[in-house]
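You will see two complexes here that share chain A, one where it goes with chain B and one where it goes with chain C.
After this line comes the complex of A and B, so read on.
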């Protein structure tokens, strides 16, 4: 397995040798088909949900009985997760019941039904610890449709529709009210298709309309965010992947049987999953780098975590993943099984955005689209503390008790070896800060007489007396960097610090990186080796070698020669720290 | 390739959709195909206006085709559909394709006035259609290489269509040119000011027109009037046009009436309404090839605008100036490599032809000597075809405010690797997008941008944009460090751009 490539072919995947594919996909089909036929499960739920909370619980129980007897999914706790009943999306209940994502609920989540079901009470803390108001997942602006001015002015729309033009998902507005709009999108796609072609995008002023056709499912993004086409297309791919994670690709068969099949019920209650994924498109570099990031930890601490996960993996667990928010603590795969960073992103997003996983241990069917898009795996998910969670993935639908035991063993070891407290400390300390970049003596000398770039400003320039001591970032005007290790499929990104304080500034830098990434990885002429880009906001430097990719942002007045030197120092620094910031060869994973 | 022009105000009722179409290439394309192209275009214009009312559809990118849009006049759209064939030559910037549409429309308007005005003159559209048809077909003729239409591709990324190329002259020469310009102006009838353009070879020496009008006339001059253009058959003036001669027959045969210039033109191929059948129009074809020649007196003559029909006024060509909306006579004098275009307002003479010959006489009397001297001086200083080659550099320098550009000679650009050109094409596309953004966000404020890419074939691909000026550069066989590339740009900037792109 020399293949650390980011595109493992599911067909060649060694997972096949576990001979579970067939039975898994049957299960998946059952799940999908039953609701496709609109049988009683959906019926009960949607009627019941109009009632009070007691009714909700009863309905849920009814569902649980039915689905567990059909063997679709095993559940430990027969109470239904009330949170998934968003009254504003009438058919939402069907999905969760079908999928069998279950949790023990307390009274808490039920009370949330009293909310309008759009904004959930739980806080989504990934969004950027620095920003004052945490971003909250869930659907917004449900009252809008394509006739609303406000809807038309939204910066970034995402739509999923079926090939017959039926709406499946819309980021803003009520899908049902957008049926006409959806039909228009379908008409555009099929008009071009009838001419023997395939439409990729349309550009109009600031706006881009990006189309992605995945069999019977059409995905469309309408955006005026000025992100490059490649980036937006990648985001549509991820949204599609997130759908597969919930449903598997066998949902296509429903469309084969009935082209007018209505998929919305299958995704009911997953608004938060999609909205948090879409939100991550504006802060999480993993969405365009196709790499994951680790929580910085002492080598021995990560080793200790890895060892116990490895133990468990040897007992029939396909993947054992320990994460803190969206950062990996440790990760172990069974022999030869490798996990694509995009799958990890989608899985983590799924878990982090579903409140149900936080409240108790869960056992839920999920599909890893890059691993095997046709089959469900089963994920045992348990939060060890408020941010740290363990995911054990298996192919066996009746492994719950085994995984529960595994989890207990893991938890004991992690507590004993202080891993969890180390994790919390690392969370508090944060990652790499550009201010801490060690500089060699010659450079230090330069920066001692403050400040490098001031030397370059011509006398009389208005910038001459600019206050440079506030928020200057690291040496030579270094503001931020991302280092991606190609062999490890991992990246490390420095913490945001002054002058990148506001979330708007951070988002702008994120988009600048995204643009730089697209420019460097151009399909026709890339990948390029180096790029220097200066505009009024930044100096950006990108450097791609066989081993790594470095993206660095500097003050727009930064000196070229010093910036280059600083980039070399960043690379050296990262290499010096790699034991702590990366997960190294812990398993056959990716090697 | 397909090229269509349609009017969104026409053919609004079912069954009348064909009435929208003002031009379609190729003409033998079935009506259903034509309607399908226009249907999609119109659909997307409407669709994109939902979100972007101020700027409708510019481009549709599909796997096998690109549709490039240009809104030529309110509700009058030009759409070019270009096919991406498997040979990877078919890579272009949409702005470059849009440049073609813009150019042909500007030239059309210069000679015939706006399409809308023609439609208003004759609401059934026959007049506009026949003018568009002959004009655009003559224009496209230049793009044929053999039987293939060769559109601007990534290989042209070091050129900028629609800009003017200037001759650099010394101080002494500039003074002489200035005095010549004054003499030219005084040769016209005293009360109405006339304008002039002076070209040396295919380069502009002086102009008294606005940048847009200068660009249009300059383009036309280089296409049809300069000594190169006149001797076109013997000596193709540009590498792009090589092999075009062979294609004449192909295209002309597809024109309805190849023999005559100002011809009885029937728009029969798409004439659907019976009222239009058989009605013909006098359509001058200013882009028709080989119709200009040099007369004994040094003035260029043509029968494009007719000479026989007993109509005295129409023999001398006229054009519309964009800036003033004025109709002016076009009079061209040529001495060796010097081409002088004089524009005299039609309104300044009661009897046009007489007036023009009087001006010509005046000019020969007053300016002959000066013209000789200027031509001589410019010829002496002229560095030849590769005058603007800078060794080691392949570059394009464009000034958006003055609408000018200068670039490495085409012959030198062909030495670049395909990869380098592809990478530059792509980078230019990025810069185009940034420019568009900057223009929308804050029209008065030009963004500064500096991009320096080391491509994987080790060429440096460079773009600089500052204060309305742009510089694109490819450096092959250059040192690997970024600082080397920056120094190279700095040196170039200091030497050839008055330090515009220098950092300090």
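After this line comes the complex of A and C, so read on.
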């Protein structure tokens, strides 16, 4: 971590000049330029630049100089990872050309191989997919700090620090060893803030640096994943929300009393919560759709669950939520209480990533930041089976035994009405499969007879149907879709199937959706209603109305007219199935 | 080796374990006792409880969040039964202010430290003081030095703990959740020390 005035390439390094109190205007300009010109962030880029970029990267790489590395010096030449990208096909795996006018394409450049950032040799999820070890939460690479090459090569860093520059959280490496780096980030943020500018975004070569200031807490993302600014900022917001869920906003008072307050002990034992949240940024659409998703269930089954939850809510429970992994079975709020989908996401992440909830019933203080960021609620959590868990939230710290009784009542009803076995069946069957999309309207059986796979296939042979279509996808080359109901704050996403088999392909599609979402919701360029994009990976189609948003991915050779027609069929299909795939009628959300 | 140094199969143990819920008002033969475990994170509180309640030891660490609730009923030789309603607290700093939520009204507090960690022994003393200030006045307190199987790494001398416990009117025992050593003895000893008259 020596001083690094010897940077060979000062011009290409705005970040560096920042840290030295000189040429401050660069930051300010960058930030202003960004906010004024949003489309360079989400623009739909041309696809032509990749090859040059690879060349540039290669050239830059040749000059890697590892000796000069101040924490803040994001020297471009040491950051490139071109070598790490699948060497067999450099032309389709290069990075986007950030030096050109366009920022990335929706194609190859957005891939971030491995959950873990380093492309090269990580054991986590490589393209082999099926055989890859399941992702395990928890912090990795604790031995790293900002002087490690491996640390600096990580593609996506998240930091949380205090306004006095004390580290609070780092995705990689040990917070305590990153004190110097943290202090530098703090210096940059307060420097710009004092100048009256709010630094939000800096581009340093390939890297985007995104800042989010929340009172005494600063959040920073440094990423070369080419995700849009809005998406990364949304991720920082969620990390902050997760922190509030654990501590409430009253943690700010500690900083009022003592600006140099060290917050890390307060987050003791929560690494898995944050790593699992960050992991979900690359697979869970709820993180950018701000909507939740339900486990598909027969209408009467979900009704039975909802009725008993309602019963319990009437007895003084604020929220009663029954979930299976990340999917909602049913949920009920006390009168006038509304639950934000982001709070649900953070709560589910907290429970799912904390192993101790599986061991026994528990009663823990938690805060729902969108509901009331200042106060703790008390959560009774109990697993009813391996994946299904019940959360009962209350404002009363004395309510444990009451909630425990409620749970017993709920459990009896769920068992009696077979809800738990239906849940397991639905887990096995999965959700919507594009191959099942009814093509010819005359073949549709009508909404009286829903098209969920589970209703069409005899139990015991769950895969017979699917085998016919393996490798083809749905009609007209439909590969995947996400349908979000605006009114319900819920979405439904089709299951991944061939050819989107590997976790990398899935992650890439997810990132493409994310980009599409950002561009559709970009305030600067007015509301978009539809968008059609074709690149070498997919045809992407987005359609937004007052009622829903549809995101669909097709084979790159798909016919445009057919794709549009298929999207209409998807919407019809979803409407026909809405009784099974959505939680209807009991929406506890504010409207 | 204690007389019950390893009794993973609870049904063959000295303690008869009853599974029925006697959640009604306790009578003099059937006591219900609220017990709270306190101590630094990582000293083995959850392992002690799981050893006592389920006869298991899982070496993979599962950080407790908030507090877990478990119960276990034991039968004493005089045919009274005692149902322990156990609050296993997390021990992390952020929950310190919320600890009263769990120890309020507790008849028994088990304060645990790790014999290989002087820090955890200091933390135990903090909890004892806290309980003396804010706990029920007639609370039964036990001081437990856990991980006794790690004799070679011992950093807290037995004598220090004995003296501290005596001074503060606690009873002291060293346990190992890993080998089950003294786990049942801990709870039996607690049972013996419970005031028998008041059971409401």
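Here is the rule we go by: the second predicted complex is superposed on the first by the 423 of 591 C-alpha atoms of A that agree within 3 Å, B and C clash if a C-alpha of one lies under 4 Å from a C-alpha of the other, contacts with A are read in each partner's own complex, and residues count from 1 in each chain.
Here is the rule we use: a residue touches a chain if its C-beta (ideal position, glycine included) is under 8 Å from a C-beta of that chain, and two chains touch if they have at least 3 such contacts.
Note that the coordinates shown come from a computational prediction; the quantities given were computed from them, not determined experimentally.
Novice: Should A:400 be classified as contacting the first partner (chain B), the second (chain C), both, or neither?
Specialist: So A:400 only meets chain C here.
Novice: Could you tell me if A:206 is touching chain B, chain C, both of them or neither one (first, second, both, neither)?
Specialist: After superposition on chain A, A:206 lies in contact with chain B alone.
Novice: After the superposition on A, what does A:517 contact: first (chain B), second (chain C), both or neither?
Specialist: The answer is neither, since A:517 touches no partner chain.
Novice: Taking the superposition as given, does A:363 touch the first partner, chain B, the second, chain C, both, or neither?
Specialist: Second partner only.
Novice: Using the superposition on chain A described above, determine whether A:529 touches chain B (first), chain C (second), both, or neither.
Specialist: In the superposition, A:529 touches chain B alone.
Novice: Of the two partner chains, chain B (first) and chain C (second), which one does A:268 touch, if any: first, second, both, or neither?
Specialist: A:268: touches chain C, not chain B.
Novice: Which chain A residues come up in both lists, the one for chain B and the one for chain C?
Specialist: Comparing the two interfaces on chain A, one with chain B and one with chain C, no residues are shared.
Novice: Which residues of chain B touch chain A in their complex?
Specialist: 36, 39-40, 43-44, 47-52, 54-65, 88, 91, 94, 419, 422-423, 426-427, 430, 433-434, 436-437, 440, 447-456, 458, 461, 481-483, 486, 504
Novice: Over in the complex, which chain C residues touch chain A? Could you list them?
Specialist: 41, 46, 50, 62-70, 88, 90, 92-95, 98, 101
Novice: Per the contact definition, I'd like the list of chain A residues that touch chain C in the complex.
Specialist: Residue positions touching the partner: 246-247, 265-269, 272, 350, 354-366, 376, 379, 397, 400, 404.
Novice: In their shared complex, at which residues does chain A touch chain B?
Specialist: Chain A reaches chain B through residues 146, 152, 184, 187-188, 191-192, 195-207, 209, 222, 224, 226, 229, 456, 458, 519, 522, 524-536, 560-561, 564.
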